[in-house]
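Next, two complexes with chain A in common: one pairs it with chain B, the other with chain C.
And then the complex of A and B:
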């Protein structure tokens, strides 16, 4: 993994409750760079988050909301967040349900901005 | 046009195994030369029996010849090759509708909408079948209609469309749940007619409405997309071992949206402009979710 990507992801994974973060090629859901704890399948998270983000984008576009700048899927045992980054990439994070989403969103947006 | 036919015929003569027969047959069909179109498409099918496009074209030629049973067989053959062929589902939806088979028409048109949620003709056809439009049902490849102001449907809560406006169709059955209409789901809640939408697992609108930035009703298109989002959420959380999904929030330049499942078979969408932050949106959504869940339970629709 390139150092710049690693540093950007570290800013996300240092937030309490975050179990992994990655850059994902948005259209095909392939991991570009990742930093995840053991037990997290980065490839699966990337593929599923990419697919979900794509579908949410279509629904949001249809509903007149436009291209989402932040998407969060909350589940019983965790949460997955995605933020679009330049060149069609996504910044994706998987975290525990109690994570401070405010901090997480800021860190993900910053990472997305800095990739440009 | 004649030049087109000559040019395409020449191409086909030079390369009889090519797929140019599709374009040639379509051109002939458009000119009303149905005998010639039939010959070309049948010859093409003999070389390309697994071409879904050829079977679909054959079906449309047969439909033009008013051979509806033949068209039905050809569209069924299309679906055996490609189960998600948009044209075949549109065609079969139209044929079911002509026969008065409302359920069959809904099945095919909803599948068509899931394949291409932006297909305006499918949206219009669905409105006709559901009895929410006064416009006539279009044949599968008719051009989209210009809708005169006088012909635009006006809201008539609980009143089915007049049967005379739907050729060959039986009256649209009233949803179960005595006296209930989908408009009633969110009565009393802010944004019930523009920012709340309840859909089922197949992308059908159960209640509420979403309006786009230009004020147009975009409920049908949005509902079709929402079914896919909910399916993907279920899949993602299952594969990742996260348990059931609780909600999805998306923040966009034109507003924020909040999705949640009032029941396992339904999805609720709440949309508000950006002045309503996502935290507040969650509170509104929870209120709407309770209302929707109660409505579903009382109506016994699902």
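And then the complex of A and C:
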């Protein structure tokens, strides 16, 4: 993984409760760079998060509310968040339920901005 | 292959392929899927409506895998497992895998409702399901020229019976 991507991901994974973060090629649903703990299937998360983001984008477009800026999937044992980044990429984070979502969102948006 | 995407169902020459194939198509959002032997003999298909398209796709898919296999050999690399071509409206994913019935190939066409990542992800599960469902192979008979055309016609009849 290239150093700039690693540094950007480190800014997200150092947040308490974050179990992993990755850059995903949104349309292809494949991992560009990742930093996840053992046990998380990065390829599967990337493929499914990419699919989720595309569907959410269509829903938002159909509803006439513009492009989604932040997607959060709250599950029983954790949360998956996605933020669009330039060049069709997504920043995706996997975190525990107790994570500070506001802080995580800020870090993800900053990482997305810095990729440009 | 224009006009073959809609209206086609799942047709299998070997019944054990049907359930894993249907699950794969459903989960990966594939528009067309073809499972064949490395010689291009069709094992199962989803989405095609005309036999001529199946025959053409099987021949081309087998040729693609053979060509890339030869390039890998020339480069002294291990065989390529899969390749993906991303078009404007459709992507084409071609992969080879080993099964108890020998080496099989799959050709998957997907649209904007799916992605390379999704197809790749669920293809791994598809291969695992297929290998698990595959019965122990009988001792293979040598392929005779006089049997080949009859077997080919039987396969096509099974795939496109009403």
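As a working rule, the second predicted complex is superposed on the first by the 116 of 116 C-alpha atoms of A that agree within 3 Å, B and C clash if a C-alpha of one lies under 4 Å from a C-alpha of the other, contacts with A are read in each partner's own complex, and residues count from 1 in each chain.
The working rule: a residue touches a chain if its C-beta (ideal position, glycine included) is under 8 Å from a C-beta of that chain, and two chains touch if they have at least 3 such contacts.
In this text, all values refer to a predicted model and were calculated from it rather than measured experimentally.
Undergrad: In the overlaid three-chain picture, which partner chain does A:15 touch, first (chain B) or second (chain C), both, or neither?
TA: Neither partner.
Undergrad: Given the touch rule stated above, what does A:44 touch, chain B (first), chain C (second), both, or neither?
TA: both
Undergrad: Does chain B (first) or chain C (second) touch A:52, or do both, or does neither?
TA: After superposing on A, A:52 lies in contact with chain B but is clear of chain C.
Undergrad: Quick check on the superposed pair: does A:28 touch chain B, chain C, both, or neither? Answer first, second, both or neither.
TA: A:28: touches chain C, not chain B.
Undergrad: Given the touch rule stated above, what does A:99 touch, chain B (first), chain C (second), both, or neither?
TA: Once the two structures are laid over each other on A, A:99 reaches no partner at all.
Undergrad: Does chain B (first) or chain C (second) touch A:107, or do both, or does neither?
TA: So A:107 meets neither chain B nor chain C here.
Undergrad: Is A:78 touching anything from chain B or chain C once the two structures are fitted on A? First, second, both or neither.
TA: After superposing on A, A:78 lies in contact with chain B but is clear of chain C.
Undergrad: For the three-chain arrangement built by superposition, which of chain B and chain C touches the greater number of chain A residues?
TA: B
Undergrad: Pick one for A:91: touches chain B only (first), chain C only (second), both, or neither.
TA: Neither partner.
Undergrad: Give me the intersection of chain A's contacts with chain B and its contacts with chain C, in residue numbers.
TA: Common interface on chain A, chain B vs chain C: 44, 48, 51.
Undergrad: Help me check something: in the complex, which residues belonging to chain A touch chain C?
TA: 24-25, 27-30, 43-44, 46-48, 50-51, 54
Undergrad: Please name which positions on chain C make contact with chain A in the complex.
TA: 86, 114-118, 120-121
Undergrad: Can you list the residues on chain B that touch chain A in the complex?
TA: By the definition above, chain B touches chain A via 117, 210-213, 218, 221-222, 225-226, 228-229, 232-233, 235-237, 239-257, 259, 269, 271.
Undergrad: Looking at the complex, which residues from chain A come into contact with chain B?
TA: 41, 44-45, 48-49, 51-52, 55-56, 58-60, 62-78, 80, 94
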